[in-house]
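Per-chain residue numbering starts at 1, and chain names A, B, C, D and E are given in the order in which the chains are listed.
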Amino acid sequence: MIFFLLIFPSLLAALIATLVRPYRAIVGWIGAWLSLVSLGAAFAIAAQVIHGQTPIWGIVLKYVNLDQVLRADSLSALLMLCVTGVATLALFLSPGLGRQVTNPHWGELAYSPRQLRRYHIFTNLFIAAMLVAVSANNVGVMWIAIEATTVFSAFIIPLKLNKASIEASWKYILICSVGISLAFVGTVLGYFDFFTLSGRAENALNWPVLLATARVLHPEVMRLAFVFLLIGYGTKAGIAPMHTWKPDAYGESPAPLTALMSSALFAVAMYALLRWKAVADATLGRGYTDNLFLALGLLSLVIAAFSIVLATDYKRMFAYSSIEHTGLMCLGFALGPLGTFAALLHLVNHTAAKSLMFFLVDNIEHKYRSPLIERTRGLLKTMPWTGGLFAFGVMTLIALPPGGIFITEFTLFRAGFALNHPWLMGTALLLLAVVFVSFIIHLNKMLYGTPAADDINMERPTERFSWRIALLLVNVAVLVTLGLTLPAPLATLLKQSVAILAKP
Amino acid sequence: MPALFQKIFKTGLVTETLGPDDDEIIQLVHAVDQKTKHLLGRALAIRDVDAGSCNGCEIEITGLTSPVYDSERFGIHFVASPRHADLLLVTGPVTRNMEIPLRKTYEATPAPKLVVAVGDCAKTCGVFKGSYAVAGSVDKFVPVDVFVPGCPPEPADILRGILAALDRMPRK
Amino acid sequence: MMQTLFLIMVSAYCLGALVALSGGRGSLGRGLVALGAVIGAGAGFALAANVILSGTPFTLSVPDLLPLAGGLALRLDPLGAFFLIIIGLGAIPSSIYGAGYSEVYEDGSASLRLLGLALNLFLLTMSLVTFADNVLTFLLMWEGMSLTSYFLVMTESREAGTVRAGIWYLAMTHIGLALLMGGFIVLMNGGSGAFSDLRTSAASLSAASRSLVFLLTFLGFGSKAGIVPLHIWLPMAHPAAPSHVSALMSGVMIKMGIYGILRVALDLLGGGPVWWGGIILGVGSVSALLGVLYALMEHDLKRLLAYHSVENIGIILIGIGAGMIFHTYGMMTLAALGFIGGLYHTINHASFKSLLFLGAGSVLHATHTRNMEELGGLIKNMPWTALFFLIGSAAISALPPLNGFASEWLVFQSLLGGFNLPVPEVALLMPVAVGMLALTSGLAAACFVKAFGITFLALPRSEAAEHAHESPLSMQVGMGILALACIGLGLAPFAVVRLIGGVITGLGGLPDTRAAFTFNLHLQTPGAFGQMSSPLVFLGLLILLGLTPLIMRLLRVNWQLRRGDTWGCGRVGQTARMEYTATSFAEPLRRIFAELYRPSRDVTIDFHPDSKYFVQSIEYRSEITPLFERWLYDPILRLIRFTARQVRKLQAGSLYLYLAYIIIILIILLLAARWF
Amino acid sequence: MNAYLLEIGQALLALLLAPGLVGFVRWLKARLQNRRGAPVWLPYFELRKLFGKEVVMSNNASWLFRVAPYIVFTSALAVTFLIPLLAAPLPFDNVGDLLVVVYLLLLGTFFLALAGLDPGTAFGGMGSSREMTVAALSEPTIALAIFGLALGAGSTNLGRIVTATLANPGVAISPGHLMAFAALFIVSLAETGRLPVDNPSTHLELTMIHEAMILEYSGRYLALIEWASWLKLVIFFTLLANLFIPWGLAATLTPVALAVAVLTLILKLVLLGLIVAVVETRIAKLRLFRVPELLGMSFVLALLAVTSSFLLK
Amino acid sequence: MNDPLFSQLSTLGSSIVLLFGIILLWRKSLHAYIDAFRWQSVVLSVMLLITGTFSNDHELYAVALFLFILKAVVIPHYLERMEKRFGDHRELQPYVNVASSLILSGMLVLLAYVITRPLVLISDLPTRSGIPLAMGLIFVGLFVLVTRKKAISQIVGFLVMENGIALLALLGTYGTPIIVELGVFLDVLLGFLVMQVFVYHIQTTFESIEVDQMNELKH
């Protein structure tokens, strides 16, 4: 039942958007308010999980056993919170709600009703697919849901049909489809192993079953399978060198979708990878997967760090920042329970911070009508609220307090040094310093100075405080809270998740 | 180094001695000696002002400091700034360009102070009289205590002039 | 009592910040913002004094905040309290001064809201750095301090160069933080981050790890303190910030680097091999000398002062380095002497450097230029500022009986103790340091003759300087307090040394060495190695200064005074163009140290079109080579850019390439999985 | 009480001897130039004359210009209370050690240099610049010489240095001591504005160092400054004489001992004056930018002095 | 029928499936691509039927049916429609020429043998000897994706890879659980539809379906 409340609102919203044509603002509003139901359900699931219950979808059809198709443990609950949280924000801040329809100032950036309808259908489907992915008990179903996210999101990246967005989405589709197919190869190989041991079983791909038998699986096969899974889901998560779609897709999609992709979708892909990592660890012991994670994590850091140095486009810059944080989290997940804890908390922080950033970037791009850093000057003067939050967000992303990322990165490095990876961690610290400096340079260029366009009034800021800004303050509040303290329920959730993922 | 000092010792003092029975000039010098002792604490600082001279007088003035005359033995020495000076030794006719500097030098000298104009030109402008570049004699611009005639005057004459000027020094 | 003071401190800063956030405009608003800072700093000062005098630390722990690393743990021990006193010493006058100074921003040229907010939070986080009792609290407050000060630097973001300064500042400070983080984490060795645990865990670390911790933290703290070659942000950031902020940053904040070095190297690690002290000493000497040499070439008043901060940090480190060396050999009394010298110079530098920056701020306030070549003659229109600046200049030049001398004397004394060292190679470091320190102080005196003389004396060199006006009362009060502090600290070394002796007692096993000093009017180093008494010197100077004119009067010396034109060999009129300039003042030293400066000279002469015998104008331009930028930072930046350009090629835009990456990594990993 | 009287007495003695010493050096130089020269006591008369003259002060000068002479004079005078002119240890021995002495002299230099800048003339600025350059460059040598002396005595206190050398006469001819003496002698020439660093009797502004700064001074101010600079010569000579060759200093405050002390002091000053006069006759003034080389040499000497002290310890 | 025969048949079938994959590399027209894919799918469904018969797994019949309809009928149909509309009948110009492609694909199959060695050793199914071939097909599909320039040829490459995965699942495990299998079909269909839509978009925006001109977004 609770899963129904979690997933159905998005589907309902998609259905409404499909049925009502042409698009009207009310459709968007309904979707937005419905997302609150999902959010509530996610909280309810989290509460249940914290109290030791395991919610399952108890439906048995005649031919297909759906008894445990959906199931939530604390890791899922954590991800549900992230996904529904960002989803709510994204839906409230979607184009097509309120002023964004008619503002003539935005010229070509305004959307037509047809585009808005498409947007609202597929965004809701996209969200639903992500929610299914994190609540799926069966890793096969999880795979299907994640594959579905690619398909749905591909429809909305080129909301405006132009060369750049088509190019970006074609790259996105192909790379992600190939990746996700490889993940399926991995899934099949995992199943193959189970199959050779105990024959055909319907529930073999159920994660708890898989985990329980993992210890007796063949290491040789599991190693191969995990490589496929890592490459596969890693493509979706944007781990280098499979990250190449990220800058293009983030640069060209509508802001709410970028926010969803950079924070929620990424988290979901990571989640899938983590589920499999737990299984592989049970078979292989920790070392193997950890080394893969460390290697690719460091590679991601290197590529991201040096790509940010010469960034000229702020949206792509944030895409590289995502890759950087992906790398960091990869490092974290390879660093034992403490590292896993830090990485999970980092995931939460990153979700809040990145979604905040992309909504702000949307505001900025609308004002300056250019994604180029060179042309985006004097933010603090022209848009005091957006500029201020933007500065806060960037500083959080580069691990300055009081944002939570400071604490998680500190813990992460602590874990790394405790596990005797001084050179690795030292390199990572250096790379983070490169990221930091580059970001500061770019940020300063954007915050201060005089804008290149003549029509942007420097002297009298036109931006006022609105509910859109107020909504973003929620993210800020989350980040600051997580920077200064760790609420007990969240701590429990994280600890339980760590217990699931990392057997010390 | 030994060679230098060997020479120094071989040469000995070259300054002309001041015996009591020497000629008039040396008598004068003695008088100067006495006067300075009383008047200026025996230390007389001189600032030379070339107001436009042909440098003939300067050569003679330089002679004053030479080992032969050695004016320093009387406590007479030349200084670099009128602020340090008690007496201005002005030479030559005052050219137009030196008119203001001369006045300024005079102003810059702290009281009590004296002015000795050296050479004929200082009084009469000499051969330069009437030149477009000449502004006039020294006394036109600063109060002169003593004129020392001669073209150029001998060092001894200059000394005499200085002595005469010291006579005019205001008593404390 | 302590609890109350702590609460007052925190709440006053917060209230000040809130007032600022709600506007903070007008004289009342600015006054209230300053009041918050003054009360906060005052309470901190009182708390610190309480801790030092009573010797009992103040502790407070908030485990619910920052639960990830042991909660927010606060503990103010005497060492921290000493630095909190320095904060109070700098913050109170600077805040009062700031109330008047920030009036210039009322026209909207900078955000008063941000300035007041950041200033109060800056002071708060900086104060809390001294309280931090575990790693995370420390790093958090450290970063808070850096971040707020970054915003302070960015106050005048419209001025050219400010943004660049901000970038450099934040970048250097962050690289420092990264090093610190690494150092602390190695020190934690996987255990808890509480300082008390670190002390015990430090003992169990291997020698190599301990040295690694030392090097990382030394460089990390050094980047904040401004040691050469990590100093390059100082001359950029300090001029860019509003002057009272420069005073705080240069006078107080960089001292936190010293605090950190002492806290980690001496307290947590408990000292180490002799080369630690050697490195501190060496870096200190080089920083001192290069700092002052670059200051000499500077004509921007605030940049000049910033370079002097590098110099003085060097002097402080010389003292501390000597202390560390003695500490290694168990010569505790001499070690204490070195540390006392260093710490004494720390508090002294806080007072006179703050004073000088405030003075420079007054000049800037009155003339709107920091370029010394456009100043001059300010002593007539700004007599008070000039007097205060003169006191600061004399103090920083280590002229007795002011405070700079007292501490440099102690540093010298500790170095002179070096001949007791058992190892001659180490002991020979000391005379070298003595030579460099002496050269430094001599050059510093030269530099401040230039700074004061060119800025305040002679004729004004520009319209702005001619019409300068004395700064408002609040600014004068701020400077006055610091000037009194300079004099007071200079006259009471016996009391200060006693206090510092108490502060360092127990750190790294240092015994209570206070008994080894005598503390009456004379300051006597252990074993009577040297003695002096600045109050008596002061008294003597004062008596003689009074007696001389008196006796001259009695002897009926001519007392007439006449004013006249300046003697200029009789030239018609004197203008400011005839004055010696700052450039020409420094020219002899520029030539002497040409090997270091590698000056470039560029002379352009324009002749009259009709005849080449008539010169119309001569343009002379001479710049010194920025050594560290060119040989250290530029190559690193070039390397990073080069790497970045190579990495960019990965994202070349071709889908085939992207898919090929996937296949290649897949094959590599599969093969690896098969065989490894 | 007697001791404090001695302090005052030796300060007065220094004040009295200063012009005489300068006069003596001048006289000696004149003789070496085969001149008769001014009498030794001429500088006393110069002082009297200057005190009797009015002061002319630039319109551009500020109060600093008027205060500086007093500070210059006072700082030099204060030093005479600290150094062992006649006896050691002095009652004020623990008021200031050798470092205090050096920095007190720097205090005077500092203010004099400022005063040089104050009237705004080019010459004054030039003098200040050069004076501070030379002062700064001679600082390390002085400090190292102090270090070398302190090494031998185990203290920077002047009294202790003297007594240590007296107690252990062998120290006086140790190589470290001799080199430190040589180094300090060179620096003394620089600090007191003697050849080859500065020509005290130059009239040519472009070659001036000390003189250039005081071109604007007149009357009583000039007198104070000149007196202070002569005092400085006495101070440096005394340091050279009594720290390195302390014999003759009164250990007890008996009249005989003091009389001997006065006589030996004068003798030593005469001897040093002789050396200076000979040196000044023999060598020409260095170009300004060769002065650092000279000072560098003295620094090396001082460093060698310290090093050899270490090695011989 | 007995196990050895089944084993023979499945290896034969896998070989044929792989062969169709390699034929792609040899052919140069879009039409030939589509044909190869169609026949490959047909063989694959036949294999599914055979396996279903041998293992008495009736779910596999359904899967075979789905596969046939989807991959042998529907998708080729749409592909041909696209080809008719956009294909300009010029020869495909791959990044890697045919000879090299063939050699490389041979090496890829060899690599597949190497990599799947443990799988073959572990498995006790009669179909196990075909596993390397299935893996090889996956690689070949990827190879087509990387080296062929037209959007449609990339789609075919992708579909070939999907076939490889299906073959792998079939040979290794007699197919995944039905719910997964159904979901996979749905995804393939949806994915294909999206790609198809995009091919239209690419054509209208870039006036060609050559993918290598899409390199504006970089760095």
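Points to keep in mind about this one:
Keep in mind that, in the parts below, contacts are C-beta pairs under 8 Å (C-beta built on N, C-alpha and C of every residue); 3 or more make two chains touch, one makes a residue touch a chain.
Source: prediction; values computed, not measured.
Contact with chain B and chain C alike is made by D.
Traced through touching neighbours, the fewest hops from chain A to chain E number 1. Chain centre most remote from that of chain C: E (centre = mean of CA atoms). Contact count check for A-C and C-D (C-beta pairs in contact): higher for C-D.
In this assembly, the chain whose C-alpha centre lies farthest from chain B is E. With centres taken as mean Cα positions, chain E sits 100 Å from chain D. With each centre defined as the average position of its C-alpha atoms, the distance from chain A to chain D rounds to 78 Å.
Per-chain Cα centroids separate chain C from chain D by 35 Å. Chain D has its Cα centroid 33 Å from the Cα centroid of chain B. Chain contacts: chain C has residues 560, 562, 564-565, 567, 648, 651, 655, 659, 662, 666, 670, 674 touching two or more partner chains.
Chain contacts: chain E has residues 115, 118, 142, 145, 211, 214-217, 219 touching two or more partner chains.
Of all residues in chain A, those that touch two or more other chains are 170-171, 174, 178, 224, 247, 307, 310. Checking each pair of chains for touch leaves A-C, A-E, B-C, B-D, C-D, C-E.
Looking at the complex, you find that chain E touches chain A at residues 57, 115-116, 118-119, 122-125, 138, 142, 145, 151, 154, 158, 161-162, 165, 168-169, 172-174, 176-180, 183-184, 186-187, 190-191, 194-195, 197-198, 201-202, 205-206, 211, 214-217, 219.
Chain D meets chain B in the complex at residues 30-39, 42-49, 52-56, 201-205, 208, 211, 215-219, 222, 278, 281-282. The touching residues of chain A, when paired with chain C in their complex, are 170-171, 174-175, 178-179, 182, 223-224, 226-228, 230-231, 235, 241-242, 244-245, 247, 292, 302-303, 306-307, 309-310, 345, 380, 395, 398, 400-402, 406-408, 410-411, 413-414, 416-419, 422, 425-426, 429-430, 432-434, 436-437, 440-441, 444-445, 447-449, 484-486, 491. Every residue of chain C that touches chain A in the complex is listed here, in rising order: 64-69, 136, 139-140, 143-144, 147, 154, 157-158, 162-163, 166-167, 170-171, 174-175, 178, 181-182, 185-186, 188-190, 193, 640-641, 643-648, 650-651, 655, 657-659, 661-662, 664-666, 669-670, 672-674. Chain C makes touch with chain D in their complex at residues 376-377, 379-380, 383, 386, 390, 394, 397-400, 405, 409, 412-413, 415-416, 419, 424, 427-428, 430-432, 434-439, 441-443, 445-446, 448-450, 452-454, 457-459, 522, 524, 527-533, 536-537, 540-541, 544-545, 548-549, 552, 555, 557-568, 574, 576, 578-581, 584-589, 591-592.
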